[in-house]
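Structures follow.
One chain, chain A, links the two complexes that follow: it is found with chain B in the first and with chain C in the second.
Moving on, here comes the complex of A and B:
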């Protein structure tokens, strides 16, 4: 042991006395410091995400150093003729290899350590809870160490395997292959995610791990199995290094070393089996989506829907995350389709166990995401019909797309993502939850042709067996015996979110933001801004109070899949919530404030940036009603926040001169109250508060009426 | 003692050593041979750095092929090219080597280092970084590391190459002293190094053992074949066909020392052969060119 320690000390001495090597870890820490110090408005302040992105890029670069170090540790003496005396010393080859490896590993650990220290410093300053910080630090540190460990071992084996300086070229290629090439040209192209574990830096480009709300908790089994395999693989690389060294310098234990390398290879192969099985199961899930409806949007029957008055849903999570659901739908009989079966849409991963109509069991058929009831099973009478569907299954709806795996819906432990658009309860009609485009799956967006906007209905949901708090697009409260109850009237659906989430609210009746803990400082500031806006309007306008009361701020496009690429304009209303996607530049900034104000005052998804038909149109082609709506926001930005006209206009959206000029003039004269009066009159007269959903169906307001309103002097 | 039995080593298709049988007894043993004769290959095999293709060797009775790890405890090795971690001082390096050689007790280790430092006259350099050492000092450090742990067999490959005459003499004397109680295998192509310190010698040529015996026996290989011929300067080109060992100017004449089976010129005088003469005569007789 004393010999080993001295060998290790010797290697450490070389590493720590080299000025360049000495400088690199602090430089790495400093770069992370700079990155985190720059977090702030107007960009996202997601600390976790910033640290994750840094690990994805800078750590990948530092792996280049790790592979070089593996080469250098052997090439500096073992592979140099002048150091042959080393081979004649009575030192075990295992000791020599492991001491070098341990020294290199200790050196590389500085990168992980400094990154952790910088992250911890910023996290404490931003008030990230201590237990969560420790979990984050543990995740990043383990991930770093595993990456450095395997890369260093790879460098060492290449040093002995490849003669001369060619080893550097081969190592460079190995580094590029193990990071970028494997990721982009093998895994992404062929959707071979079962090779993820061979990536030297699995954080590079992974969109699920990048999400603080679910990330490593959701993929904990992947990570655990992958780490076991990588550890066994690293052991194999080290065993190969030792065996190769014994071939270079004769040793009595050479045969044993070869056997040990073979055993380590067998161990690595065995360690891969559970990891591979994990992926086999996911590909099976994806294949079931293909079987569900062929996925080809061209060959589908058109979507049909019928109204529902009310839902009463009970959803229980059982062992192994198996869900048991009971959904009672009250349907107006008059709205049911005439002729042909009555079709409901329920996620294919949920198996229907029983269907009752008005309390009597009826036969049903299931095909993919669809549940068919014979029309004759439902009474042909006026009034309402109650359809009760019982179902169960494990919902871990995995899909692949180029460069990223995705989850359309899941329940795993406390991690919950159940968007209404993935039919975790029966949706009334024949809809298509996903479409297969050449090469990848697309999750249907609510309001689109595959999944039209759901007619409003009353909801009552009882959740049971979920270990953590679950948030929904409607308000909820704790029920008896660790249950949670959610109720709402006239909402288009119910989506559930659970995981590493927190609720940010400043005033008891104020705006709420549901986000992951790293976004809390940004969310607090945003909530304060929204509360201020609400107070501003409440003093003179009788706007609906329950709309957009909460913002669900998560890195997924509204109703999209976890792991999707963030899309521009990714926000929308659902229930009483505004779903806002999160990325570096799609965050809780002034644009999002405008969205919330707009959604609250006018409802629907016709937000300034959302109304696709109106985007980029010249002012004279934008309906006057829409311009007047924007004028409300414009007024707030100018009068409430004191913004300059240009800046306010940029945020509020295009407003024609005819609408804007009288407002500007009144404001210039200090007559903000007059502007409020005019706008309020239009708001009430044309019922601008109703959620219309599409700018083109806005009420027609004659321009003369607008002009006339300004002629009246107060 | 080293007993070599049928030792061979092949690199690709080329045999660097072919069926070598040789016994190296205690004391100083010289290994001579031209470049490419297989000296360094043999030294590296004996130093456990290279596995033989076939054959075996017993080092102090320990078989090389099956127990190389044990042999490492018995030998000290100075390679032809010796480098050392430049950031370490000589003292740190020797302590490091001593520990690797199993001198666990710190006091014993320090004593061991002091002894070898004294032996190789490295005292004034011992606290300086090895990266600042001259070639000679570095080789002294090399022999010091080989001596650490008091090995029973010392294998030194071209130890005097690149040293100034004074250093060379000092080195030869040191090796001669060490050979009193160890087996010292000295490989060189500088015949005078062997002449002055070795009692027994072996000559390798193209991977084969050309001769093994005492230095006198090697010198005897040239007995009756060494001549002194005096030539006028203008006649010197005639000597191009002779195997000249040495030439020197004396007045208007050039005195040539020639190896030839028969008297090269009528006025040639026979001379007493030296070791170098014997070595050259041996290689000439084998049809090879000495280095």
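Moving on, here comes the complex of A and C:
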């Protein structure tokens, strides 16, 4: 042991005396510090996301240093011509190799340590909860150490395999290939995710791990199995290094070393098997989606739907995340289609165990996402029919195309994502939950051709067996036992979210934001701003109180799949909630505030249940009604917040002169009340609060009416 | 002239073999691809490692052992040697550029790519000639080769230079998604429209500055005599 420690000291001696090598870890920590110090308005302040991005890129670069170090450790003495006498020292080859490896690893761990320290410092300042911070640190630190471990070992093996300075070039090519090329051109293009464990830095480009709400907790099994394989692989690389060294400097235990290397290879191969089986299971899930696919999306029959009055749903989570659900739908019998089977849509991963109509069991058929009941099973009388469907299954809806893994819906431990658009309860009608275009899946969103907006119904949902708090698009409350109850009167659907989420609210009756813990400081500021806006309008306008009262702020498109690019600039309105996308520049800033206020006052835009900010068009192309709607926000920005006219205009969207000038005049004269009166008259006369969709369009308001409203003096 | 020709002896090395294998893989993919692959990807992203490797190929023999000590004692201009080698490295890269663009033209009849115009208008799908592609990419090759060269000379080791060159390439590739480089990006596909000309001038200037610095640094002969390279 003493000999090994002496060796280790000697190796460390070089590493800790080289000025450049000493400066690099502090530089790395300083770069992270700069990145995190820059977090602030107007872009996103998601701390976890910023640290994750940094790890994705900068750590990949530091892996270049790691592989260089592996080469340099061996090339400075072992591979030099004049140092053959080292082979005669009374030190075993194994001790030599492991001492070098340990010295290099200790040096590289500085990078992980400094990054963790900087992250911890900023997290404490931002009030991230301590236990969550420890979990995050554990994730990043472990990931870094594993990456450094395997890269260092790879460098050492290459030094012995390839003679001369060529080894450097080959090692750097291996570095570039093992990170960027493998991820971008092989895995993403061919969907060979089982090669993910060979990535030297698995954080690179993984979009699910980048989401704090679910991230590494959702993929914890992937990470665990991958780390086991990587550890076995590293062991094999070190065994090869020792064996190769023994061929270079002859040693008595040469044959044993070769056998050890072969055994390590066998161990690594065995270690890969559980990982490979995991991916096989995932691909099987996607294969079932392919089988259930409804064919060419362009050539499908239009969706058929019928109304439902009320839903009573009980969803229980059992061991192994198997869900068992009971859904009772109360439908008006007159709304049912005349002939042919009555079709419901229920996610294909859920198997139906029993269907009852008005208490009597009826036969049913299942095909893909659809559930067929014979028309004769349902009474043809007036009044209501109660259909009760019992189903169970494990919902982990995995998709792979176009380029990264995506999850359309899942329940795994405390991580829950059940959008209404993925039919975790039976939807009334024949819809298509996903469409397969050449090379990519499109997940259906409500309001599109494959999944029209659901008519409003009353919901009563009981959740049992979910370990953490589950949030929905309507508020819930804890029930007896360890259940959670959600009730709503007239909503189009219920979507559930659970995981690493918190609820941010300043005022019990005010705005709520549901987001991941790193976003809490930003969310708190945002909630204060929205509450203030609501108070301003509530004093003179009678807008529906509960619309857009909750903002669900997650890094995925509304109703989209987890892992999709958060590129959407539109919002989904469902129940009391506004589903908003999070990304670096789509964050909770002033533009978001305007969009939330707009959604609250006026509801959805063109598609039913969707709010699409329309900022880009020139004034003469925007209908007058839309400009008047923007004028409400403009008034708040100028009167309520005291903004300058240009700034308010930029946020509210283009407003033509004809609409803006009377308002500017009145505000200049201090007649804000008069502006409010005029706007309120239009709000009530044209019922602007109803929102669009369902065939409604923007009311056509003649310009003369607007001008006349300003001539009448109160 | 003889000195220029002598540089090409560097091609008889394992490093050049790796470079040739890489170039060969690129060309093979072109020959086998069902659809015309992205031109920007080939023109800039795929060629950048070649620029790094080319500098490595031309310098690894001379920086080894005590060679530089020997050269430092000759009545030769070391700065001129640096410039010669850099130019030869660029020549190698240009040879590969010619190769893949010819193969592309032969296989797909024409090169059509979304290109910015130099005057700063928005990009449009336009047929491109090899020369226009080269004009877009040459600043990048010069800059990458220049950085690799400079770090090689400063550290007196070719492996550190290679590390720096590849690190720049990887940094620019990885930042492509988040657009963090903005107007300073190395690859034109990540640039906003009006930034094209200033950006290319910037990178050309950086490459030439690195070359000048490396040449001047090398010329200080006493550096080479103190201790050997790697």
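The criterion applied here is as follows: the second predicted complex is superposed on the first by the 689 of 714 C-alpha atoms of A that agree within 3 Å, B and C clash if a C-alpha of one lies under 4 Å from a C-alpha of the other, contacts with A are read in each partner's own complex, and residues count from 1 in each chain.
Quick note on the criterion: a contact is a pair of C-beta atoms (placed from the backbone, for glycine too) under 8 Å apart; a residue touches a chain by one contact, two chains touch by 3 or more.
Bear in mind that the values here come from a model prediction, so they are computed numbers and not experimental data.
Superimposing the complexes on chain A yields a three-chain arrangement in which chain B and chain C fit side by side.
Contact with chain B, but none with chain C, is seen for A:89 once the two complexes are overlaid on the shared chain. By the touch criterion stated above, A:283 is placed in contact with neither chain B nor chain C. When the two complexes are overlaid on their common chain A, residue A:65 makes contact with chain C while staying clear of chain B. Look at A:177: by the touch rule set out above, it reaches neither chain B nor chain C. In the superposed model, A:591 lies in contact with neither chain B nor chain C. After superposing the two complexes on chain A, the angle subtended at the C-alpha centre of chain A by the centres of chain B and chain C comes to 40 degrees, rounded to the nearest 10. When the two structures are aligned on their common chain, the gap between the nearest CA atoms of chain B and chain C comes to 9 Å.
Chain A meets chain B in the complex at residues 2-3, 6-7, 10, 13-14, 17, 77, 80-85, 87-92, 249-253. Looking at the complex, you find that chain A touches chain C at residues 53, 56-57, 60-61, 64-65, 68, 71-72, 75, 164-166, 168-170, 172-173, 175-176, 179-180, 184, 204-205, 584.
On the chain C side of its complex with chain A, the touching residues are 13-15, 18, 22, 49, 53, 56, 60, 64, 158-160, 162-163, 166-167, 169-171, 173-175, 177-178, 230.
On the side of chain B, the complex with chain A involves touching residues 44, 47-51, 65-70, 72-73, 75-79, 81-85, 87-88, 96-97, 99-102, 104, 142, 145-146.
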